[in-house]
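In what follows, subunit A forms one complex with subunit B and a second complex with subunit C.
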Partner chain A sequence: MSDVHELVLFQLGARVFAARAADVRRIAGPLVEHEDEAVGETALGRPWDPRRGLVVKASGNERTLLVDGVLGLKAVPESDFQPLPRFVSDVLPTGALAGFAMLDEVPTLVVDLPTLVREGEPGAAGPREETRHA
Partner chain B sequence: MPDRNGSTRARARTPRSRDGDAAAIAAVLRAHAEGDYARRVDAKALRDPALRDLAREVNRAAEKADERGSEIAARMEAVRVGLDEAIDAMVRLVVEGDLSGTLRLAVSDATLTPLIAGVGQVMETLKRFVKEIREAALQLSSSSAEVLAAATQNENSTSQQATAVHETTATMEELKGASHQIAENAQMVASIAEQTLSATRQGEGAIRAFMESMEKVRRNAVEVDEAIVKLSRRVERIGTVVEVIDEIADRSDLLALNAALEGAKAGEAGRGFSIVAAEMRRLAENVMESTREIKNLIGEIRESTHAAKEASDGNKRMAAEGERLGGAAMASVTGILTGAQGTSDAARLIHLATQQQRSATEQVVQSMGEIEEVTRQAQAGSRQATGASAELARLAERLAAMVQRFKVE
Partner chain C sequence: MREERGSGAPDPAPRAPAGAAEPDAWYFSVRIAGGRYALPAPLVTEVVRLGPLTRLPSSPSFLPGVFTHRGEILPVLDLGELLLRRGTPPRPGARAAIVHAEPWRVAVLSDEIEGLIRVPRRRVGPPPAAQGAAEFLQAVVLDDVGDIAVLDMGRVVSVARSRSVPS
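Right after this comes the complex of A and B.
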């Protein structure tokens, strides 16, 4: 891991999340939820107005996480990354949260997009079986 | 020798001469001429026989004259007594008023016969006069009583008439005041009616102007409506254009995001690319922000256009309603104008009539004043007539009483 990480900031519902730019293959335009590769409902919730999609590769396929918007990209130093406290990761219903980063002094959750997309697939093992740390 | 009256008669006894005899006879004749018939000539004493005879004739004439004088004296006495009785009878008649008897004198002398006859005729005449005067006095008394009664009644009637005239005059004075008041009120009514007519005409003009304004408002509302429709269509076109712009901006944003993503993945090599992508994205966001503002503005314009359309429709409805109400008001005002014109004409006629009435009432009041004055004078005259009638009745009674004193039967 280099000293600076590029993060994609996106909005899902009322909250803002971050994801590694390397996990995003591209950003898609407005999609409809019934398309095969689209992922709407996840452990983070459902978008209100899915105007963007984050295309990721999971399980050898491209999947598109539907989000309300992509706010941009931001380079964040390594020092601003923090892992989740143990008791927090124990109580969370998903293993897709890699930690949080201080963005403009606001703690923002960093999401492991491939894990999140896999948790949403039919027959997935469940959010807690595979946890990936940043 | 003494005479019949006892007087002493002088006689010439001494014989005288003829001249003396004549002188003696002359002296006796002078005495006779002076009324002394007692003187005699002494014939025996006369020498001359002729003179003696003359003397005797003188003496016989003197005797005759003396006898005649006595007779005349007696008759004169009888006449004097008769005159005294007649005068007494006349005095008694006048004093006692007794005309019932006839004049009878104790002395009967043919000389008094005309006097007695005259006095009797006078008494008869007086009786007749007294009878006539008595009857006239009775009639006068009765008539004066009737006149007094009539005068009293006339005085009462005149007093009642004067009272009635006075009351009528007072009533006419009140009527005069009322007529003045009515005339003033009628003038005021006429003035108000004229003002009402003028105001109604102004109102008619105002309603006509209002209706013209309503017509303009309606036409303007139609024009505004058409302008709103045009504006709405153009806004819709703007909205379509903005949608296209927004779509383009969104795609630009998406491209910029992907470019930035690729730049980020490229690391240090893609930093410049990322900067350009970020600038592109900023521009795209600016465009989208502008299109959002335009959309908001379009939305506001739509809302405003919709409100303007509703307001315009309301204006058209209000204008139509205003025209309808204006027409109704114009019809009403036309009726009011006709009524006001009639009222004004009637008020003017009433004003003229009340002025004539006031003038006539004033003339009546003046006439009543004159009648009252005449009635007052008539009342005073009636009072004087009553007093005069009363005085006449008293005088008639006095006359009757005075005439009653005369006894004629």
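Right after this comes the complex of A and C.
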């Protein structure tokens, strides 16, 4: 029997994304205690109406990715995951996309949340340099 | 062969007749913005109809999204947008050629698919000096209809990468 991974599904703008539940420390409300912890604009875009936050540990600190909504948790078997196609990883200017999970036969992007929020930090290396294949 | 064969592979290039000096070259030809472009035929594994696209965040304009084909997620490459900045809006059901040039596997979108063409080797020449889309080319061939620019997938991807770096 294949492994099962738990994903958090969240909405950002018009799109639905998934992330490994293990990367999310907790789900926060719309108010972030320390404003500098909040991450709004990322490679995924910007939330239209940030009502929730996904609290992630990145670079030793907690950061809160602001999202439009958290849709829930879903257990997905390993066999329903696919890596990012090589062409996509070669040309996308972000290293925060980990691959796809097939959810109800729809390919849903799985986001590497720690990488996503790190890319937005001041002085972060360009994502292309981090992820580009040799 | 000018028509797709369902979702099957294009016909393999037939062998040259015994005694022939040199086999003909086979290419897979498409039309983009009125121009004719081709890839070496062995790189094109099949012609398919696009399913619903999943768009990708932060993606460059020549990568309109991905779709699922027989359980495999394939990126769609809009060659017109990349080569000439004259994109082909992907329509559901539009035909795309699946190109497998290690390590890349993409569904190439174009204005029109011409299909397989056979050209005598003597009609295959070097690309012109680099200008415009010439940076993508590995050869130019001449058939009964006219010139065809043969694309080098390695260069296509290399230029795609350089154009997708955020400014």
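Simple rule for what comes next: the second predicted complex is superposed on the first by the 123 of 134 C-alpha atoms of A that agree within 3 Å, B and C clash if a C-alpha of one lies under 4 Å from a C-alpha of the other, contacts with A are read in each partner's own complex, and residues count from 1 in each chain.
Simple rule for what comes next: a contact is a pair of C-beta atoms (placed from the backbone, for glycine too) under 8 Å apart; a residue touches a chain by one contact, two chains touch by 3 or more.
These numbers come from a predicted model, not from an experiment.
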Report task. Superpose on subunit A as described above, then tell me if subunit B and subunit C fit or clash. Result -> fit
Report task. Figure out whether A:Val24 sits in contact with subunit B (first) or subunit C (second), or with both, or with neither. Result -> first
Query raised in the report: Is A:Glu121 touching the first partner subunit B, the second partner subunit C, both, or neither of them?
Result: neither
Report task. Examine A:Val8 and indicate which partner it touches, taking first as subunit B and second as subunit C; both and neither are also allowed. Result -> first
Query raised in the report: In the superposed arrangement, does A:Pro93 touch subunit B (first), subunit C (second), both or neither?
Result: second
Report task. Determine, under the contact definition given at the top, whether A:Leu109 touches first (subunit B), second (subunit C), both, or neither. Result -> second
Query raised in the report: Just subunit B (first), just subunit C (second), both, or neither: which does A:Glu78 touch?
Result: neither
Query raised in the report: A:Glu62 contacts which: subunit B (first), subunit C (second), both, neither?
Result: neither
Requested in this report: With the two complexes superposed on chain A, say which partner A:Asp49 touches: subunit B (first), subunit C (second), both, or neither.
Outcome: neither
Query raised in the report: Which partner, subunit B or subunit C, touches the larger number of subunit A residues?
Result: C
Query raised in the report: Between subunit B (first) and subunit C (second), which, if any, makes contact with A:Val70: first, second, both or neither?
Result: first
Requested in this report: In the overlaid three-chain picture, find the nearest pair of C-alpha atoms across subunit B and subunit C and give that distance in Å.
Outcome: 25
Query raised in the report: Once the complexes are superposed, what residues of subunit A are shared between the subunit B interface and the subunit C interface?
Result: none
Query - subunit C residues touching subunit A - in the complex, by the definition given at the top - result: 54-60, 63, 66, 68, 72-75, 77, 103-106, 157, 160-161, 164-166
Query raised in the report: For subunit A, which residues are in contact with subunit C within the complex?
Result: 15, 43-45, 82, 85-88, 90-94, 97, 100, 102, 105-109, 126, 128, 132
Query - In the complex with subunit B, residue positions of subunit A that touch it - result: 6, 8, 21-22, 24, 26-29, 51-52, 70, 72-73, 75
Query raised in the report: Any idea which subunit B residues touch subunit A in the complex?
Result: 250-251, 254, 257-258, 260-261, 264-265, 274, 278, 281
